[in-house]
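Each of the two complexes below includes chain A, the first together with chain B, the second together with chain C.
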Partner chain A sequence: MPKVPGLIKGLGVTFGTLVRTAKEGANTVQYPHEKEAPPIRARGVIALREDNCTACMLCARSCPDWCIYIEGHKQLAPPRRAGGKPRQVNHLDRFDIDYALCMYCGICVEVCPFDALFWSPEYEYSEPRIADLLHDKDKLGEWMETVPEAPELEAGAEKKK
Partner chain B sequence: MLGLAIEIPYWGQSLLRVLGGIVAVLLPAGTIVYLFLFKMMSFMQSRLGPMEAGPYGSMQLFAEVGKWLQKEDIAPEAADVRIFKMAPIIVLVSTFLLVAVVPFGPDAYFTNFEVGVFYALAVGSVSVIGILIAGWASANKYSLLGGLRAAGQLIAYELPMVLAVVGVVIQAGTMNLQGIVVAQNTGEIFGFAGIGFPFVITQFVGFIIFMIAVQAELTQAPFDMPIAESELVSGYMTEYSGFRFLMFFIGEFATAGVFAFIASVLFLGGWGIPFAWFGWEGLADVPNWMNVAGPLIMFAKMLLLTFIIMWVRFSYPRFREDQLQTFAWKILIPVSLLNIAVTAIIKVAV
Partner chain C sequence: MTVLSDRQQLSYIAAQAADARLNVELETEGMTLNIGPQHPATHGTLRIIAHLDGEQVVWAEPSCGYMHRGYEKLTEVRTFPQVTTLINRIDWLGSFANEVPFILAAEKLMEIEAPPRAQYIRTILFELSRIANVSLFLGDLGVQMGAITPVFLAFRDREYVLNLIEGATGGRFHPNFDRIGGLKDDLPKGWIDETRQVMRKLRGFCDEIEDLLFGNEIFQSRMRGIGVIPADVAKSFGLSGANARASGIDWDLRRDQVLPMAWDKVDFKVWTHPDGDCFARCWIRLQETREATKIVDQLLDDLPPGPVMAKVPRIIKVPAGEAWVATENPLGEMGYYVVSKGDLGPFRVKIRSASFNNISVVPWVLKGVYVPDIITILASLYFILGDIDR
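Up next is the complex of A and B:
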């Protein structure tokens, strides 16, 4: 069979897609009416588990966009064991991420030594005003609910104590 | 005018002509934009296109026009403002002038011009001036490059278009578009008059060249080098916004519709149905109802041709500038000259 010229073939491809779309529907979804579930580990937004954060500032310092704002203070916590000395802990006062600046590189999540930052697949948090994209620790904490469970460790991996 | 029994005063006739012209230009443009640009292109890319405004997004075009009309009429500081503002009007007006000679029925025409083909081809190239001054007056290097490319391309493809039409003119023996329609519908192929004699059969080469030249005249892909968005932003339209951009936009698709009308008159038999079906001898026998059926037939043929134009547009990648010029000067023009020579020889010999 002689080879079909590319020009004709190209017309065939577009017409074929036209017919397929008319018959079977489009590959896209009509977004606000119909939603596609993102992949479970999609990098939608960064969530914060406040209890784990020690205000160590590693994330803020590693952020290429300087979009993480952290304020904290030292305070005394009751001793772990009875009769011990009161512990000195860092208490987190403010943890804001400016999503107008964030470029979703995920370095903060990688660098966090205490597992306080997580990727969440949540993506619907656009705002009409750009200043409203600065989210505080309460909002970041709400997104923790959408964070999927950590994956199973590999067989034979060293368990964290 | 329209074959009505009542006498219409001259001003009334002029008014009807103006209204008819607006309908004949804007209705195809709107249909092409919705049916092909919005819907067909989307479907060819496996998406649905506009769906929100009106049923199946049918009111989208009105929404877009409303949006454009609200926008500020901006002219760049360094631009030659008067010329800058004039340019889109020239482009749009050339489309309206073009439709003036297209016959839509035995009496449904704007002017029955004896050298209609000549006029159509001459007026069709007026838009080059609008585009060139749009590019030059914008005081923007992208616009200037786009305008120059457009001028080079439109002039290059003007020639094969004219030469392709010459074959039809030779065969019909008239430059009157109405005469060409009649010649096609009264003709017969070896004594068989069932389908008339649309010139696309004998002038197939001319038809292909004409459609390619139309594609280039409309600066539709693959001939959209003048507005190549990846290098020139939007070519000569870069600095335009609001209703002046809207004029360019309407002009683009209205001209597509009008050129499709002209192509269907020249090659596909125009408004006519083969006269032998009803035993009509000539134009005088055609009954009045053809003045209603004719425009519908023309509209259907226009849709068919613009479908092909748009289909090609959505399928092919862009020509490089040198390929584009080479294609016009080294392939299309020699082939169309050959086509004229062969047509003339056969015409004289038969």
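Up next is the complex of A and C:
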């Protein structure tokens, strides 16, 4: 059998891809009309459960580019048991994340000791102005609805305590 | 005096004129050609200053630093867990591979070792990022030479790998998945089966690229014998990775050093090529992609059960000392020299990135080549701008 010239062989690959695309459909999707679902673990946006936050500042301090702004104050809450002393609790006044600075590293979510921060795969929150990417705690709280359950782990993995 | 016929006289005049033309020195001037910093063919913001004589390069010099971000300095004001976020962005195409040597250096100082399962998953993700990196190179190679088709095939199949990395780590380009003492999390369910399928697809992709590009006569004539780097020159300029192996240097840090990673548990071939030209460099990378898919398959087969995180304190303080760890990254040898004074963050980090040394050979190799070959040689040397400037 004579040797097939490389050019013809290359055209064969192109033709094969053409046939396959015609049969199975294209690999691309038309974005605004069709959307691909991101994986469960995708780091899209950080959501905040405000009730859990105690304004302890751990996330703000561990952020590599310091894009979390927290303000809080102490206030008295009614006692847990009747007749007890009023408790002192930390109240969160301001929790802003500047998504223009955020590097999406996830360190804040990891260090949070009170389960107040979560990753959501939501990604459609671009803004025409860069200053509008500073989102406050109400906006971060809205994203709580989109937070998925953590995925099951592969066989052989050890359960986290 | 002999009388010449008209015909003889004419030929005499013509011969004299030709003689005169030969004796006149043509006034030529050298030209300086500035490629970049914003040239679409230079992978980013690298500037090449080339002095030309006609179509030939007299001397050329890469001028880098247009994307310098000062990572070595930035790491000094951050804690150890924060540094991995930064160093993800050095070589942005194979970003997981950047984290590993730094984390290994920090673990060496702390004298802890990741559990076996974490080592396996680290190696799998390392090889996946190698595939993601090199498959873009294989597609991009065609574009540099004027062939558009391979880049579409490359982006199609690279997407599968990026989806895998995103599925496991959460980030497509910047995983930030490595922690001192292990990994952030275990693999999600169904990931291993998906990876096996993707590896099969990628072997098909390698065959396609081989048929499409490497067998092509035009491609071969543009590549073979162009930009030859002999082994001793490659050594003296500190070339590493596929560029060194294409010059016949049998040297691979995955095989040649003992690291707490899983490469010693799999068997793979380190390809070398005796030619040292552009074709050899590209061919080595194609073979490496194939080997990487095989490594991933073997590691998935005997993934040990167990935890993925060793016991580490909650607040990580690395004891005082110095450590150097280098690994075989997609672009070549990448190493970190970490100096710690016992604080939360490193005192000093020296980053040895592969691309910086790989482009240092550019003045040598570009001497005397023709202008269209500049881009071919630069493409085959394969550098990432973030990796050069850091």
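The definition used in the following text is that the second predicted complex is superposed on the first by the 130 of 161 C-alpha atoms of A that agree within 3 Å, B and C clash if a C-alpha of one lies under 4 Å from a C-alpha of the other, contacts with A are read in each partner's own complex, and residues count from 1 in each chain.
The rule is simple: a contact is a pair of C-beta atoms (placed from the backbone, for glycine too) under 8 Å apart; a residue touches a chain by one contact, two chains touch by 3 or more.
Source: prediction; values computed, not measured.
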Superposition-derived comparison: chain B or chain C, residues of chain A touched: C
First, second, both or neither for A:128, with chain B first and chain C second: neither
Partner chain(s) touched by A:30 [first = chain B, second = chain C, both, neither]: first
Touching partner for A:10 - first (chain B), second (chain C), both, neither: both
Partner chain in contact with A:20 - chain B first, chain C second, else both or neither: first
Touching partner for A:104 - first (chain B), second (chain C), both, neither: second
Touched partner set for A:83, first chain B, second chain C, both or neither: neither
First (chain B), second (chain C), both or neither touched by A:39: second
Set of chain A residues, in rising order, touched by both chain B and chain C: 7, 10, 13-14, 17, 27
Of chain A, residues touching chain C in the complex: 5-7, 9-10, 12-14, 17, 27, 38-43, 62, 64, 103-107, 110, 119, 151-158
Chain A contact footprint on chain C (complex, rising order): 78-79, 81-82, 84-86, 117, 149, 153, 156, 159, 163, 166-171, 174, 176, 184-192, 208, 211-213, 215-220, 303-308
Complex interface listing, chain A residues touching chain B: 7, 10-11, 13-15, 17-18, 20-22, 26-28, 30
Contacting residues of chain B [partner chain A, same complex]: 40, 42-48, 51, 311-312, 314-316
